[in-house]
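Chain naming follows the written order as A, B, C, D, E, F, G, H, I and J, and within any one chain the residues start at number 1.
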Amino acid sequence: MPDFSVLEAFPTPSDTPFVIEHVAEEFTSLCPKTGHPDFGEVVVRFCPRPGREGGVCVELKSLKMYFQSFRNKGIFYEGVTNAIRDDLVKLMQPVWLRVETHWRGRGGIRSVITADHGNVPR
Amino acid sequence: MPDFSVLEAFPTPSDTPFVIEHVAEEFTSLCPKTGHPDFGEVVVRFCPRPGREGGVCVELKSLKMYFQSFRNKGIFYEGVTNAIRDDLVKLMQPVWLRVETHWRGRGGIRSVITADHGNVPR
Amino acid sequence: MPDFSVLEAFPTPSDTPFVIEHVAEEFTSLCPKTGHPDFGEVVVRFCPRPGREGGVCVELKSLKMYFQSFRNKGIFYEGVTNAIRDDLVKLMQPVWLRVETHWRGRGGIRSVITADHGNVPR
Amino acid sequence: MPDFSVLEAFPTPSDTPFVIEHVAEEFTSLCPKTGHPDFGEVVVRFCPRPGREGGVCVELKSLKMYFQSFRNKGIFYEGVTNAIRDDLVKLMQPVWLRVETHWRGRGGIRSVITADHGNVPR
Amino acid sequence: MPDFSVLEAFPTPSDTPFVIEHVAEEFTSLCPKTGHPDFGEVVVRFCPRPGREGGVCVELKSLKMYFQSFRNKGIFYEGVTNAIRDDLVKLMQPVWLRVETHWRGRGGIRSVITADHGNVPR
Amino acid sequence: MPDFSVLEAFPTPSDTPFVIEHVAEEFTSLCPKTGHPDFGEVVVRFCPRPGREGGVCVELKSLKMYFQSFRNKGIFYEGVTNAIRDDLVKLMQPVWLRVETHWRGRGGIRSVITADHGNVPR
Amino acid sequence: MPDFSVLEAFPTPSDTPFVIEHVAEEFTSLCPKTGHPDFGEVVVRFCPRPGREGGVCVELKSLKMYFQSFRNKGIFYEGVTNAIRDDLVKLMQPVWLRVETHWRGRGGIRSVITADHGNVPR
Amino acid sequence: MPDFSVLEAFPTPSDTPFVIEHVAEEFTSLCPKTGHPDFGEVVVRFCPRPGREGGVCVELKSLKMYFQSFRNKGIFYEGVTNAIRDDLVKLMQPVWLRVETHWRGRGGIRSVITADHGNVPR
Amino acid sequence: MPDFSVLEAFPTPSDTPFVIEHVAEEFTSLCPKTGHPDFGEVVVRFCPRPGREGGVCVELKSLKMYFQSFRNKGIFYEGVTNAIRDDLVKLMQPVWLRVETHWRGRGGIRSVITADHGNVPR
Amino acid sequence: MPDFSVLEAFPTPSDTPFVIEHVAEEFTSLCPKTGHPDFGEVVVRFCPRPGREGGVCVELKSLKMYFQSFRNKGIFYEGVTNAIRDDLVKLMQPVWLRVETHWRGRGGIRSVITADHGNVPR
């Protein structure tokens, strides 16, 4: 449902493994049941495939636009998390990737959903 | 003693393992000895069985109602912790599950009780 | 609605003005509309009348019992705040008194209600 | 531009002056220039007119719906702040009222806008 | 009841008004009702009379010994606060003095007691 | 020395007094003695003249560009603070304005410089 | 030296392994050299033997009384830590147990002493 | 006793009143009784006389050297505070000046000493 | 692009393995796309080769100058991180080395880039 | 260079392995290049050899005096760290020992140096 087409990537600028983490502190979508907004933080951490193997990294501004495309979608916590994981894996086919979504809570319960791809270290 | 019947579940929305954490910051029950209220925080973390194997996840609002059913029960810290663990395991039969209860303290001593099901990672 | 009868007082142990503040971090009552629990913190600050004029101070354990008597009452934020102010003024007739209730929030909005008696300094 | 019609009020439950503060931590609107979302926190603090004079207080859930009506509006920081101040004054005609909006920042600059009605104490 | 005799003073080393604050983070006494220990922090702030007028300041190590003399005394919060205020005023006759005692709480309620001598600024 | 020409303003969107605060957390300039970079935070707070009197407010993006124009200037703490105050007063002629610069420190001493225009409240 | 006789235990309420942590924030004893009071925090964490094997857990109120029995004992940091470890092992014969004592410091040095029984995980 | 001769000043770079604050987080001297080191933080805040009246400001590096000259001096808290106040007043004859010394504590008591010159605002 | 030539090293002062961490809190470079400044923090952690094997450690002041040489370079986050890693490895050939760059964020997303050399422990 | 002779030890009071940590928050020495003072925190953590094997533990007050003996020494960060490690190993021959020195920073870079003896766990 979110807009995969806005995602862009650039070639990994190194052949030595390294790790990239992006923390989007201002994420919002809509609860599909009540229509009320959900607010949270999205953490994406990944090890891109090396440049010489055709590896790519998600471009930061396009990632921002991608997250904004959730703004008026009705989608559950788990749906958001799995969608981001699947779209970024499709874009980059990274060595490994983890998506964490931290939700500010409804009715006194706050939640964290974690979805992995590949063999996430530690 | 708490109300198992209010718990509801929905099918796991993915076949790729992921982890869900719910933190209920406003938990209260009664001390069975003195009748005075206990206040604490309940953390539930689990990996649901995948959807294609019939796995389910606890529904958030029903979890809230379940926690509220402890409000006027006389029950020890250990009883609360084990009851939540056992009820959620019965509901979901997850791959693994951990329940932590953090109590704000009586007489200058605060306590944390942890109960696991299955092989909780790290 | 709360239980005024549990409140007890002792004579002010000094004729020199002084100030007492009690912070109850574990207050809970029920929303009269939804029946769901509200959680908050109650701050009571006052200057008792001096002992030689028959001044009294609320006894700490009775204050705790009084706060517990709200546990299963359906009552709005404003009602809680005004009830505590009025009951403590009735009990002590202090020189001045302030009641603040800090509520942990519903639907992303947290609230603070403040009610005064007499000329609260600063 | 925001939806004034969703705001509701209830009669002030006291004739003794008191103060109400609501903090909405999850406010979002759109920048009218770029279309990008702005995120912030809105603090509303006011002293309602007393009940015997026909004073009213804004109802909490309707305030939440009102804040949500900004979600897809293109409006500057100053516009948000003044609109909230003007709408709440129109609804309640309080003794005094202050609106603060705290914005999380764009380009390394975060901002706070404050608008008052009447004689705000301190 | 505490041991006034251990308090010592030295001449104020200046004729220009200045302010001294001592914060004792490790204060303990006993509850006279239950015999259980109370733990708290004591803050003493004062402006000594100037040296040329025979003003004196409490010596730091003797203040520590004085606070230790409460260790096994059964005494209420208010009693501790007023005793410290009265003893230090007797020792120094300062221009002004404030004593604050911050208690870590019993039964979920923590307390602060404040007692002044003279015209404490702000 | 900084670039006044990049500053832009827009008409004050209200005739009711209000207050605007901008906090630029990422300010840098150069020490004119050593050539080493200084890092700090700049806080600008002001009350614009009302719109009907031709009052204007500094535009946020132009303020950012203005702050960036200090990047490679050799200028003391006091020079930065006074330059910002003078340039913003020249641009807006506000009712009042305060500039605070908070410097991260050199040799174990951190500094705050404050410069006002008009009658800054509190 | 502390009072072992006040310790009480209750049967472990489960046959599934779980973990209990008690944090006593208000511990005090005396330095055997100087007679001055030491203040600290005691953390006890253990896995009780299961109920069907006759396992027991220390009762919370008796633990509090036990800690209070150190109040006027002259005993070194290491002595306190080893005494608590040995007494609780004697009482419960737990699967494993860790005692940490965190001391607020003397002469600018604060200390932590840790003593284990059995195979403490992680 | 400290080394006044290292202090240097530069002409106040403005005729409009402004305020300068320097916070030296790494101050140390010796206790004249025990010879043990004292550690603290020194805060100096002042309003220099305007440049056209010959006003001067203390130079930052010379202030650092001045503070270092206390390193091996045996001097009480009050002595440090008054010496800094007197030396800086002698150097700058500022409109007003405040010196605060925050000491990390001995025997569980930490202290703050404040000395003013002129009419310190607020 | 940064200035490798300013880096200096000194012989490792020990033959026993040890670890050095330097945290530069005030790093800035330029975004190569927009020309706007980026601000961040650079953490370098490494185990130098032992002195008897000709091991060297980067000299602290030269490291500072090296970081300053990025000030007006247009370079991406990944470029900064890899350049620092490669230059320090070239200089020291350490047993292992990790570089982390923490960026304060643009458009609500903050990033951390990590690049390793050798077998970084944990 | 520091004064090894002030260090004293006492027999390990237990034959069961345990761990001792001392944190000295107020450490200072001199930079050998510039003569300016360095300030930091020293953390020492070790497992003493058991008492029955003649194991000893460093005495706390003598450790304090030992740290003070660095006060006017010109010595680099690495020198301080290695000297403490070597002297404490010589004194106690512990099972394992770790020394960490945390330095408050010069020129915007703060540093941590870690030196181990034996097989430090985790």
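In this section, contacts are C-beta pairs under 8 Å (C-beta built on N, C-alpha and C of every residue); 3 or more make two chains touch, one makes a residue touch a chain.
Because the structure is a prediction, the values reported are computed rather than measured.
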| item | value |
| --- | --- |
| Number of steps on the shortest touching-chain route linking chain B and chain F | 3 |
| For chain F and chain I, chains touching each | D, J |
| Interface with more contacting C-beta pairs, comparing D-I to I-J | I-J |
| Most distant chain from chain A by Cα centroid | E |
| Taking each chain's C-alpha mean as its centre, the one farthest from chain C | I |
| Chain centre separation in whole Å, for chain E relative to chain D (CA means) | 45 |
| Gap in Å, rounded to a whole number, between the CA centres of chain C and chain B | 33 |
| Inter-centroid spacing, chain F versus chain D (mean Cα positions, whole Å) | 28 |
| Two or more partner chains touched - positions in chain H | 25-26, 36, 39, 104, 106-108 |
| Which chain pairs touch, all of them | A-B, A-C, A-D, A-I, B-C, B-E, B-G, C-D, C-E, D-F, D-I, E-G, E-H, F-H, F-I, F-J, G-H, G-J, H-J, I-J |
| In the complex with chain D, residue positions of chain C that touch it | 76, 78-79, 81-82, 85, 105-117 |
| Chain H residues within the chain F interface of the complex | 13-14, 16-26, 57, 60-61, 63-64 |
| Interface residues, chain D side, partner chain A - complex | 25-26, 28, 36-37, 39, 68, 71-72, 104 |
| Chain E - residues contacting chain B, complex | 36, 39, 104, 106-108 |
